[in-house]
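Chains: A, B, C and D, in written order; residue numbering restarts at 1 for each.
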Amino acid sequence: MPAKYHNELEYKVRDYECDLQGVVNNSIYLNYLEHARHEFLLSLGLDFTELFYKGVVAVVARADLSYKHPLKSKDRFVVKTRVEQKGFKYIFYQDIYKLPDNKLSLKGVITTATLINGKLAISDEITEAIQTKL
Amino acid sequence: MPAKYHNELEYKVRDYECDLQGVVNNSIYLNYLEHARHEFLLSLGLDFTELFYKGVVAVVARADLSYKHPLKSKDRFVVKTRVEQKGFKYIFYQDIYKLPDNKLSLKGVITTATLINGKLAISDEITEAIQTKL
Amino acid sequence: MPAKYHNELEYKVRDYECDLQGVVNNSIYLNYLEHARHEFLLSLGLDFTELFYKGVVAVVARADLSYKHPLKSKDRFVVKTRVEQKGFKYIFYQDIYKLPDNKLSLKGVITTATLINGKLAISDEITEAIQTKL
Amino acid sequence: MPAKYHNELEYKVRDYECDLQGVVNNSIYLNYLEHARHEFLLSLGLDFTELFYKGVVAVVARADLSYKHPLKSKDRFVVKTRVEQKGFKYIFYQDIYKLPDNKLSLKGVITTATLINGKLAISDEITEAIQTKL
């Protein structure tokens, strides 16, 4: 259970993200979480895209999502992110709260790993940057 | 652990589903699983869209995804689905195998529930159709 | 050729919008334009979603897009929108400029029409709101 | 006006492609057209992805789409494609017909160009493959 968050990012639902039920499609939440992770890493000086082109490939190993309250057209919301390192893995606890009432919309745990030259490895660059937050 | 599957659906990766890493983006797997569930339900005579317009709203409560091997441009693959009912919930065990070698690509467990007139409820129509498979 | 714009909306490219070429996929620009139109209409007091549920269905009849300069990971950009009414049609001139240098990225012309109870019709509500800008 | 088509590819609408209006979102048609072009090229021995990694970058310069009849949940349809070469450009005429009645759903003209090492150029490999169809 995350004690506190390391990063927050605000969004607004765009209509094309809603499906025929009139709510944000369940797959889109993974887009929201990915963008929040990348922006968080960027705030630490880590550029997901540049890392990839250098051969440091961050991949998602697990995604565990608990959908609590659906987001709808025009809803504003915030993705709050906390990261922990466990061995080779970086675990991102990412929760979405609808604004302005901070109603919990989604609880997510995204487990990532890093491949360097195709092999599971610890990236010193990522670890050092993340340590500044832990 | 699913003993057997109730449904199989074949796909081919489309290039627009791949992200800048050259692999299928992690969110797209939820699209694949959703479509496989809806086609499975359709094979049982249950139409997700018609149910929705009748006020029977199937929603995803949890998604637990374990990414095993990434899919790439032009990969063919099969989504295999098994369903179980537990109280108010339908639990879909959905695994993706790359073809032609049947290499496991993703293991997913999608927990769904049904809202009727906005309230958590068991849909007799869905339950009866699914029972024919159990 | 639009003389001036009626609305501007800023965005930042999200990595999941980029395809294996490392640039924003050509389809995503239509998402950007749609969201900018809906936000523009909202600023005029017109809610696309509410209109739909009232039976006033705005549809895209044509999209003509000229891709000038690709957007990439992390690019900031602005969608500038101008609207004109021609008979039953609302024509949105929508141009995308990359920031901070205002380099033209895309020129779009989106022709929309309105169906009321399934028939092509002029919505007084939409026309009056848009007239305030013309 | 295309006299005949060089390629046909069948699809079925997936529910996640539909937006809150219950029809396929206007951006998704560009996905359908892209996939049909890539499959067409593949049938000629041209692999879009491999070409990209070799430095031959096919890009969309224009997309002109006329939406005739919306596709809905579960609709089957066919994308029919014809290509012409005009100087540096390959122009794909791509029309979508709903099945089984062959009702015209969309008329598209996608103008593409090829960048080799970042410069507009004619790819002999692409030209020779396409000539076999003209």
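Operating definition for what follows: a contact is a pair of C-beta atoms (placed from the backbone, for glycine too) under 8 Å apart; a residue touches a chain by one contact, two chains touch by 3 or more.
Bear in mind the structure is a predicted one, so any value in this text is a computation, not a measurement.
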Centroid-based (C-alpha) most distant chain relative to chain C: B
Which of A-C and A-D has more C-beta contact pairs: A-C
Whole-Å gap separating chain A and chain D, where each centre is the average of the chain's CA atoms: 33
Where chain A and chain C are represented by their mean Cα positions, the distance between them in whole Å: 28
Numbers and ranges of chain C residues touching at least 2 other chains: 15-16, 20-22, 25, 27, 31, 34, 49, 73
Chain A residues within the chain C interface of the complex: 14-16, 18, 22, 31, 34-35, 38, 42, 47-49, 73-74
Sites on chain C touched by chain B in the complex: 15-16, 18-22, 25, 27, 73
Interfacial residue positions of chain B with respect to chain A in the complex: 20-21, 25-28, 30-31, 34, 49, 52, 57, 59-67, 70
